[in-house]
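The next block holds one structure in the form of structure tokens; read it before the comments.
The chains carry the letters A, B, C and D, assigned in the order they are written, with residues numbered from 1 in each.
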Amino acid sequence: MIPDFTAPLIDWAALAPLLVVLGAGVVGVLVEAFVPDAVRRATQITLALAALAATVVLIVLRWGLIVGSDGAPGVSDVLVGGTVMVTPFALALQGTIVVLAFLGALVVADRTSSGQDAFAPTAAAVPGTSYEDLARRAGLQQTEVYPLLMFATGGMMLFVATDDLLMMFVALEVLSLPLYVLCATARRRRLLSQEAAAKYFLLGAFASALFIFGVALIYGFAGTVRLIGDEDKPGVIRRVLSGDAPLDGMTVLVVAGILLVLVGLLFKLGAVPFHAWTPDVYAGAPTPITGFMAACTKVAAVGALVKVLYTLVVGLPPEVGEQLRTVVIVVAILTMALGTVVGAVQTDIKRLLAYSSIAHAGFLLVAVAGINLESLRAVLFYMVAYGVATVGAFGVVTLVRERTVVPGRADGADGEDGVVLGEATHLSQWAGLGRRAPWLTAAFALFLLSMAGIPLTAGFVAKFGAFGAAVAGDLWWLAVVGVLASVVAVFFYVRVIVLMMFTPPAEEQLLAGAEARAQEAATGTGDEAEAAEASSGAEPAGGGVATETRTEVARTVVTVVGSRGPAAVAIAVCAVATLVLGVFPGPVLELAGEAIKFVP
Amino acid sequence: MTNPYVPVLVLMAVAAVLALGGVAASAVIGPKRYNRAKLDAYECGIEPTPHATGGGRLPIKYYLVAMTFIVFDIEVVFLYPWAVDFTTLATFGLVAMLGFLALITVPFVYEWRRGGFDWV
Amino acid sequence: MENVIGLAPWLVGFPLLGAAVLLLGGRATDRWGHWLGVAASTAAAVTGFVLLFAMISTPAEERVVDHHLWTWLSAGGLDVDLGVRLDPLSMTFVMLVTFVGTLIHVYSVAYMAHDPHRRRFFAYLNLFVAAMLTLVLADSYLLLFVGWEGVGLASYLLIGFWDHKRPNAVAAKKAFVMNRVGDMGLIAAMALIFANVGSVQFADVLPAAAGELSGVGASTATWTAVALCLLLAACGKSAQFPLQAWLGDAMAGPTPVSALIHAATMVTAGVYLMVRSAPILEAAPTAQLVVVCVGAVTLIFGAVVGCAKDDIKKALAASTMSQIGYMMLAAGLGPVGYGFAIFHLLTHGFFKAGLFLGAGSVMHGMDDEVDMRRFGGLSRFLPVTWITMGLGWLAILGVFPFSGFWSKDGIIETAFVPVDGQPWRAWLFGSVALVGAAITAFYMSRLFFMTFGGQRRWDDDHHPHESPALMTVPMIILAIGSVALGGLLAVGGTFTTWLEPVTGHAEHGEPVIPFWPLVILTHVLVIGAALLAFRQYAVSRVPVTAPRGSLLTRAARRDLFQDATNETLVMLPGQVLTRSLVYGDKAVVDGGWLGLGATVTQVGEKVRGMQNGYARSYAAMILTGVLVIAGVAGIAAAVSQ
Amino acid sequence: MEITNYAVLACILFAIGATTVLLRRNAIVVFMGVELMLNATNLAFVTFARVHGDVTGQVLAFFVMVVAAAEVVVGLAIIVTIFRTRRSASVDDVNLLKG
């Protein structure tokens, strides 16, 4: 059936970064199988971090080769017969993903001074059962997290480095499936975590089904799923232009296909109206995973999106390009508006950051809508700036916790007693954090300022570049809309900063927070509610449970747990990067400029 | 006898005879001593869940088995086309497939070590 | 020059590092923090000297060096480069800021010895030095603006340093707000410049204004607008009419701050801005005239106010205002004036800082008493302060051969030179400068005699005593500067020649009154005014409570009604406007400014309802989204056809 | 039989799958809807492969099948976990996160 088969040439050296990460995932699974419990966690962490670090090195080496060579013979960016295409741009995206994944993994690895990581001892156990208790007491650990992280990272790296829509689909699944699982593994607030996973999974599967159907339509039209292709096997754009697509003339087929593919990408990016999963999943997932997901997935999604769009809009007939561009503009405006407006009324820090990420997706789309080399560059820088701020911000969130107060010390004094519970995510609990943990608060404020785009932070340079890209694409009015949205966005970031730094954590504040939490608990959000729920025979928490919970909640105070090192390192690196990129963005901008030299 | 489809027809006939014959034979000559356990729904040897939710639909536990099944089922999807074109794909195909099988083994090993196959 | 230019960023780096360590180090640095502050400032001063010697040993035409540091932003058509411009002008400022700054740091070690927040004070001082050096070293208006805001911030923090006292906090806020008004001018100027020249680098803008670049440039009207915006900025920062009201209140800050920021350096930044932007001014003669007028008005204004103030620091503040008026006047006179403007700025920096430190020393000895009516006869108790302030007094009077003579007489003389053959301008501004000198002599002598001369007027619970050496040594050094610096730099026109690479060479025209008669006339007026003050405040008794005084005195005491004017002209209409808006049409306000947050919140709450938690409705949203974008694409296709 | 009928059938199946996702409450049935969408895609791939006379489409279908299987594994695991906690597989019951 295959008349003449020639084995594709495989440039193993060029594939090395990808293989190291995925290989580390495979080895991680074997580690799970064979390494004894006592050293398993240490082994997994070492393996994961070493693999990511090695990948960074490999990417840097490869960068020198393909950017420095100026297209020297023997150095090709088309690998495995075109299935993988590591252009400088893709390589830059990969590098960003891996570096952010490294920082994210550091946060994941931190057990904090409470001695527990963010993951359930056995995620499969039913919350509140004796089996779960047993697992907790036995000190079981869910170290599968690390191989899953590796697979997700590998999937993201492949996602941005392929010209082949099918491979993109496979990569999409390789990156998504581990994330679905990771979302379900939170140690506390298990119900929320599971819910997040279920929603993410169902919607993600739905979106990827739309994506692959789009691929099917494109295949039906063009007879290929490669976008650019090469001389022997021309891709979609070549076939459309040369008019030798099998179903030439049925343009509606290819446009519908491309739109569906875009939907899949916009879903991952969290753009309105495909954003609905974002707040729920970000809020429910274990916080370190949220940080990883928010940063790395977004890089992968927007990287793939900008690549596909740029290729198509430049390659296809102008009227098709104009249609696609209009779609992106409309989505960008919707996304910015919804992200900032709904973000402004959030009362939960994780949801707030989630809406912030939606808003950022909008700003990114402003850059993308420019559809020029400037937008590729702007997107690269924006992702670095946004990524470090996001990983850092969620890293800070992991350290702000609730703690039970031992009866008799209900004054909420800063005693070291009491059990550290989950994260104190309600905004009212963050009031006056500045006094309790000045450094942490300063770092968090810095990340928020960067997200708000205040000068001398990375976010400012990033937004500047993004809007500049839109202007370069003759979309100055879109840039104006973007600036307006940024102004509104500043409002909700500053609100949090003011809350942390200038609002005293007064007693009434504490009570108000407890009240709010009790309210939430009545609807079952808190882990206390969860405990209550599990004990009261798995009935969804009703009024009776709520009163019970109220007394319980009132006896918790907010505490800041110390990092065991990794998370602190990650937060510090992110903070320094945010500042340095704000003051000396030159080198990174230059790198980004080199990444777009050979398009795309 | 040169028609290539004749062996296929023969094969199908044999299969049909065996399948139908087996059922028929057991119905005719098998002993008919029923008890409660035998009248219950056959659920892979596991005790049936008393209250099936959703009005007699399958209890969700069985999806667990389904998951394990699928892991091993899916490799065939790739093995089959490879087998068809084994000769053309030559060494490259062989090596690639060996790699694929090695990877498939990894989750198998994981599941085995983690007690995934400790049915009883 | 080229081999040491790399040191220039360290001028900013040292104090910035000092400020960072002191602010971030927290209480751990309390014990030695002030010495770190001194060290940082000294390091900057030493660096400044190295650069100065390098510059002196370079031929004059190679003394303007632009040193590119890094490209901050490069996006679209805008490249924002950050770099340092080192030339005789910025060098002068560097030396003034670091040298006087270091002296004042040393002085503050003793002055603030009993303040629990001394470390914070030094952190702010270091921050100020760093920002001020950024301002003067900047090679673009943008970076200058960064420094401009930085000194504003430091000034705000230091005026309100003792912010537990309400008036201090109010004064800080007042200074901040008035400075913001000026900053608007700078921002507007930058926007105009960028729109017309396409760059905010001095290296691009100034030649364009001078008409040396073909193809780039703007009309005279544009340059006039730019120059007036810059003037607004300068007025805000340098307390010139009509934005002068904050300076008097700014005296609420610790005295070393008044000496460094509100006398010697920051308030002169406006003059720096004018001289730096000289080609722009020259391209806009109308604006130049406005600058001169502003200078002249402020000069007289400050002098009159100074005559009536009984608060020693406020009197000095009024004097500062008036002296800066001289500088502005000179800066507006064109190339002949620049040299004298900067020269007077330099000498003024020395003698005014010395006078302020002396005032601080008096306050130190008098338990923070500032009312001069309660001083008197202090010369016996504070001999060093008396002598150093006396030398400063002679300098500011402009008596030969003290520093002030060389610079101020230069300005008066230049003011008498007709511009564009218009003798009325020469007569007008010359006379103003001359009268100003006489009033200056009066109020400064009044200050001096009320403090040191006459009878003691303080209670027995005051025990005046001389300050420690840490305070007197800086005062002595500044006094030496007040005596000798002017003559040293003026002989043979050393200083004006030194500035020529920046300001260009200008031939001095013939003043309408010849040189020697003018000098003699000035001295006669000055000495006469001083004698008048002597008779009134040293010989006759000075009442402890101020007499009601004439209308003018009363007006001058109230700063010639500047606050009242501001309140009537700006604050009141603003308040009426806002109130009428609030009461008259609440909806407008709700919908507009104040309502922005509320509106966002309301809309947010509504839209939030879409996020109902049901996965199926999310899926429906996705599917709807697919249809929507398909519709959008369809419409786009239909429109394009 | 006209080849386009297959394409139309694929679209119909896809639509049925999408509708299932929107209308059914049971998480497993919702998921079956997604599977139906994927299989409709497979049908489309194979149909177009036939139209183009090209085996690529069939290969693509294989890949989609594998991915679908992997999705089944992960999806069912998640749904089973939730079921065991809540004794309900209704997607409308997982509704704590909202706003």
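Of note:
Keep in mind that, in the parts below, a contact is a pair of C-beta atoms (placed from the backbone, for glycine too) under 8 Å apart; a residue touches a chain by one contact, two chains touch by 3 or more.
Predicted model, so just to flag it, every value in this text is computed and none were measured.
Measuring from the average of all protein CA coordinates, the nearest chain centre is that of A. Two chain pairs, A-C and B-D, are compared here, and A-C has more C-beta pairs in contact (counted per touch definition above). For the pair chain A and chain C, the distance between mean C-alpha positions equals 48 Å.
Between chain B and chain C, the centres computed from C-alpha atoms are 87 Å apart.
Put simply, the C-alpha centre of chain B and that of chain D have 22 angstrom between them.
The geometric centre of chain A is 39 Å away from that of chain B, both derived from CA atoms.
Multi-chain contact residues, meaning those touching two or more other chains, occur in chain D at positions 18, 21, 30, 70, 77, 79, 84, 87, 91, 94-99.
Within chain B, not a single residue touches two or more of the remaining chains. Residue numbers of chain A whose C-beta contacts span two or more other chains: 1-2, 198-199, 202, 206, 210, 279-280. The complete set of chain-chain contacts reads A-B, A-C, A-D, B-D, C-D. Touching chain D in their complex are the following residues of chain A: 1-2, 123-124, 126-127, 166, 169-170, 173, 177, 180-181, 184, 190-192, 194-199, 201-202, 205-206, 208-210, 212-213, 215-217, 219-220, 223-225, 246-247, 279-280, 283-284, 346, 351, 523-525, 538, 540. Across the complex, chain B meets chain A through its residues 84-85, 88-90, 92, 103, 106-107, 109-110, 112-114. The part of chain A that touches chain B in the complex is made up of residues 1-2, 5, 7, 26, 29-30, 32-34. Listed in rising order, the residues of chain D touching chain B in the complex are 26, 28, 59, 62, 65-66, 69-70, 72-73, 76-77, 79-80, 83-84, 87-89.
Interface residues of chain B facing chain D in the complex, by the touch rule stated above, are 53-54, 60-61, 63-64, 66-67, 70-71, 73-74, 77-78, 81.
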